[in-house]
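Same chain, two partners: chain A is paired with chain B first, then with chain C.
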Partner chain A sequence: MADLHIDGVVKSFGETQVLKGISLDIRHGEFIALVGPSGCGKSTLLRIIAGLESQSAGDIVIAGRSVAGVRAADRNLSMVFQSYALYPHLSVADNIAVPLRMRTMGAVQRLPLVGRWMPGAAERNREIDAEVRKAASTLEIETLLDRKPGQLSGGQRQRVALGRALVRDPAAFLLDEPLSNLDAKLRVQTRGEIAELHRRLGATFIYVTHDQVEAMTMSSRIAVMMEGQILQCDAPDLVYEDPEDIRVAEFIGSPKINILPAELNGGSLRVLDRDIARLTRVADQPGIRLGLRPEALRLSGADSVLTGVVAHHENLGSEVFAQIEVPGLSERVVLRADPSARRRLGLGATVGLDFDIGDALLFDTSGKRLRPVIEAARAAHQVA
Partner chain B sequence: MAVTEIPVAAPAARSVEASQRRTGWFLTAPAITLMGLILLGPVLVALVLSFTDYALGNSGFNWVGLENYEKLFTRSTYEKMFVATFTYVVTVVPLSVGLGLGAALLITSVGRFRDLYKTIYFLPVMATLLAMAIAWEFMLHPTIGMVNRTIEMGCGTFLEAIWPFMAQGCEGGFPLWLGDQRYAIWVVCFVGIWQGFGFNMVLYLAGLTSVHRELYHAAEMDGARSAWERFRLVTWPALGPTTVFVVTISCIRAFQVFDTIEAFWPQGAGPNKSAYVMMFAIFEKGVQQNLIGIGSAITVVFLGFVMFLTLIQRWLVERKVHYG
Partner chain C sequence: MTRDWWKHLILILGALVVIAPFYMMLSYSLKSPGEIDRGEGGFFGRQEMMIDERCVALRDPNRDEVASAAKRFPGLTDREIRDALITEAEADCAMRPAVFNYTMAFTEAPLLRYLLNGVIVTVSIFVIQVLVALPAAYALAKLRFWGREAVFSLVLFCLLIPVHAIALPLYIMLAKLGLTNTYAALVVPWTISVFGIFLMRQFFMTVPDDLIDAARMDGMTEFSIVWRVMLPTAVPALLAFAIFSVVAHWNDYFWPRIVVTGSRELFTPPLGLREFKGDGDGSFFGPMMATATVIVCPLIVAFLLAQKRFIEGITLSGMK
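And then the complex of A and B:
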């Protein structure tokens, strides 16, 4: 158990740079989710931490010791693979025992048939057996110990893979999309179980996923990766409410955040040719963007800045999402509303949308977050 | 309504089942007929003939009971036959399987020239063994052959001091190889291995492509530091089904060895019958000497071995190496 530092890691495959200088400090006991779209380099980063791949530049420090040149087997890390990578010829118990056998028994003691008669082997085997049972009871898979991986369901295999990772006491657990092969219902359940396991073990978890919901629900901090860079690494609520970059805002949150084109002229913020607020401490610039979470919008009168026609709506029972076609915007605006507003959101109905400027997230031309001081906020419907 | 329908429905279902059964038999009939005609029939004929003294051209035959089998297990010629056959099988199978696996592992581990190596090792498999045997015969010629002339170059060097074979050879001449009964069967084994391991290599290469890459990474994370440990933990178990198949095929091919011996010694199967393998015996007795009875008896014993191997393979595949 230890802190883990990633320091300016660069990885290139030939001409292409897949990791462009990643730095991240992970404290002992943290649950870090590396999240990003496919191809952003998150799995590569995990494999570099594990030692399965070598970085082109930069350093990984585990427990104050640089692991440059240290092979994966000697880094004292555990990994759960996307495919689980269980040994198909070994029973569940033997699969879980492999890391212990490999690390604590000599080559002679591990020999088939004769190994068990070697001095110390019997005692060691008993200890390993006890540890395997302990790990199995943690994961509630004691009844499966004699089966082969081929006889298990996806969820059970996933637990065995977890068992193999936690049977010894590694510096950190690395999990590479461990839930992506499970069906939706099981995924939700296992999500909770892994988060609980993390709390119980108090160990460091580094969890790679492309699913922002997994990242949001399980981790203590989310590192959002895109195009080989970490755009932001913060607690889940901060990443959601206070994104540093428009790409983070767009990636985190489902349904996606609404992005409206806006203009800043003489301190006046204009959206769809209407002044909606006065801002200070920010330079004038055209082509800025305004991000509005679906829940930041609320239904209002017909003369609002955003007035449009309901093009599609989804009733999820506890909430309603409506896609509204607003003239002048290329993309539909998504609104999250209370089920009680269902009647107003019939297909083809004309609705006005209102928001507090304080809930809006402003991004400059390059997509970086703008944090202006709002001098005079005018609710959209008050604008003449 | 439902109650009255049941007795009506049941016979209907039964007749559908019966007609399906008839169709099934009808559709498999051509295959069954062919199998009986060209596979099972001849085997049965051989089995029957092995109890007779039939010779081709004779109008009749006498039943001789187990006499042919008795000869097979008592006469010294046939003892030589079994010794030669088993020597060949026991030498060629492990070595050609081992070399095939080794070559496959080496080829998958190199980055470049992979296809070149594959081609080189597979060439002997594609070449006609008869032609290759003639080439080997030239190479192994005691005086003008490449093999002995190459070894001769070691005479007078330090090799003579450390290698008794060299010292003896330089003094009294190098082996006659094909003409020496101590070496004959081993030369045949060597050619068999040289010719056969490329085939096993191709099968192993196919087997290796099905090994999941992530398993190697898992093994590394689990602490398998050496290539040998990763091989034992991942590669070898994953190649289990391939190995069973390769070993069985190699065994059957080894039992069937014939053309090398026919090319080397068309008349005698080696000096003092030292390379008198079963296939050659069947050919010599049954075809050349027209002793159909004894030829059939050898054939039946041969089929027994092959059947035994096949059954072992089935059992292994179903019980041991199928992890599904």
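And then the complex of A and C:
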């Protein structure tokens, strides 16, 4: 059992602080997706866990033992790099065998030419060969074992890189955007394979990505990272339905969540100068924001909270997304509708939008989530 | 194509200028001394039988030999026997000029020994240069340590120091250590090649960091990274460096001339050319040019064998 604790890790490059105190507890066998926009410090965090970069403050604890000062080679982690980083001069089989050779054979046994005649080397080589074949068959690259990385396609290289990480039995696997160089189809396929692999091995995975679909579909928990901080780390459905921070709500979900400016006055919530609900257990404040997922909105009659003109629509077959220009809002509101509603969503059509206040997410001025008790849903809500 | 004829013309003229000395060397190595003096006989010379004067002089018969040969020439006077013997010697010593020149090259001086010395010296220099340059270049390119930039500036600075400027102090140091007239004197001053360090450092800068990090994750030490990851990926750059290093030290005349003063045992091939100097009458130009031809041959053969990779190496070092 190798639990992994990240404890207040801070990293500065010169003056700029890239990681601002990251803490995360990862239990054995979890699949943690680390998501966040480009440049938020995901790779840096992963490299610190791996031991390839040293933290400015904080600690990493693997299996109950602090690894401060332990070399990357001795941390018993494997890593898949964004750029694959295969050894260009070695065949696929040798690439996969390297971690085994380096860790289980003595320096003399590894010598070129003479090494194989050393006592025990032949037997070890046979074992390594068997393990390489096993890993290759898991990833369906047995037929490529004799090729050099230069003769492989991007997807095949990526499998080899995975194979090289998977032959060992490390405390945890660290994967840094391993699918970012693949085409859409291969990405979906490999995504499934990695998730499958995780289930079978039951090992700990830390998976960096900035593709939220990957994060949503594969992980047991998503850690949303922004500007060097982890904003929230929860199961995918929780992160989607119950975000703690407006930035999390905005980052997770596609199309993006709709954010409406709102006001809280004497316990009454006002959006676009209309009273919508009465809330208790929350202090009055101006400038709060209301988040509405596209599927939380529905088409309604003329006297709705939001009324606007359809500016653009996308028909995906199973669903329709419409962008609606609402007077008084700076951004268009996105609505997810049933294909049956297509007729009503013609370009330029005026539509009313309605929602249940229970589906709305409230955030305070600083972006933190507000969880008021809703006393009366919407004074002005008569038309359903 | 036809519009570019003048470019080709200039290139051809340039090639002729470069090739001319080689043409002369090869031609002289085939001709007789007389033809060389008179400047006749085209490229190959006429290859008429010529008589090696020294061979004949060595076989000049003395009184005993004339007496013992008397049985073979019954009825002749001593004088006639002597003339007959000289004619015989001349017949034995006659040979084609090309054969004469090349035989002289190998017999007059221990040329094979010189070639062997050349191989020992250039190979040791190159191997030790690589042993030093690869780890140094790796550290300068990929490791972060205090003073790295300063060390690299020193490397750049050393590139500017001409060898001849420090030859004397070097010689004195070697002499004080009692190392003159040894292989060490020929090899040691060249073992740290700042050019090699610089070239390999520039190449290593282009190796992605992820590759090195991957090797670390796979359990390699920094030392194994140098030899198991950097060395194999750097083969083209190493070849480019090998050309510069081997050519420079195989052909070097200056340094061996300074530190090898006594025994011919340590002569490198270019020093072998000295064997035929000093004969002001010019009759040894033929053997001398034959020696020169033999000396350049290994490099030319090596180039032809590895032509493709050499060109890859050079263009690569130019690009990176």
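What we mean here is this: the second predicted complex is superposed on the first by the 378 of 384 C-alpha atoms of A that agree within 3 Å, B and C clash if a C-alpha of one lies under 4 Å from a C-alpha of the other, contacts with A are read in each partner's own complex, and residues count from 1 in each chain.
Criterion: a contact is a pair of C-beta atoms (placed from the backbone, for glycine too) under 8 Å apart; a residue touches a chain by one contact, two chains touch by 3 or more.
Source: prediction; values computed, not measured.
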Joint occupancy of chain A by chain B and chain C, clash or fit: clash
Partner chain in contact with A:Leu52 - chain B first, chain C second, else both or neither: both
Touching partner for A:Thr44 - first (chain B), second (chain C), both, neither: neither
First (chain B), second (chain C), both or neither touched by A:Ser83: both
Touching partner for A:Gln109 - first (chain B), second (chain C), both, neither: neither
Touched partner set for A:Lys148, first chain B, second chain C, both or neither: first
Contacts of A:Gln156 with chain B and chain C, given as first, second, both or neither: neither
Partner chain in contact with A:Ala73 - chain B first, chain C second, else both or neither: both
Shared chain A surface residues [contacts with chain B and with chain C]: 47, 50-52, 71-73, 77-79, 81-83, 85-90, 98-99, 102-103, 164
Footprint of chain B on chain A - complex, ascending: 47, 50-52, 71-74, 77-79, 81-83, 85-90, 98-99, 102-103, 107, 148-150, 164
Complex contacts: residues of chain C adjacent to chain A: 208, 210-211, 213-221, 224, 229, 232-233, 235
Contacting residues of chain B [partner chain A, same complex]: 212, 214-215, 217-225, 229, 233-234, 237-238, 240, 321, 323-324
Chain A residues touching chain C - in the complex, by the definition given at the top: 47, 50-52, 71-73, 77-79, 81-90, 98-99, 102-103, 164
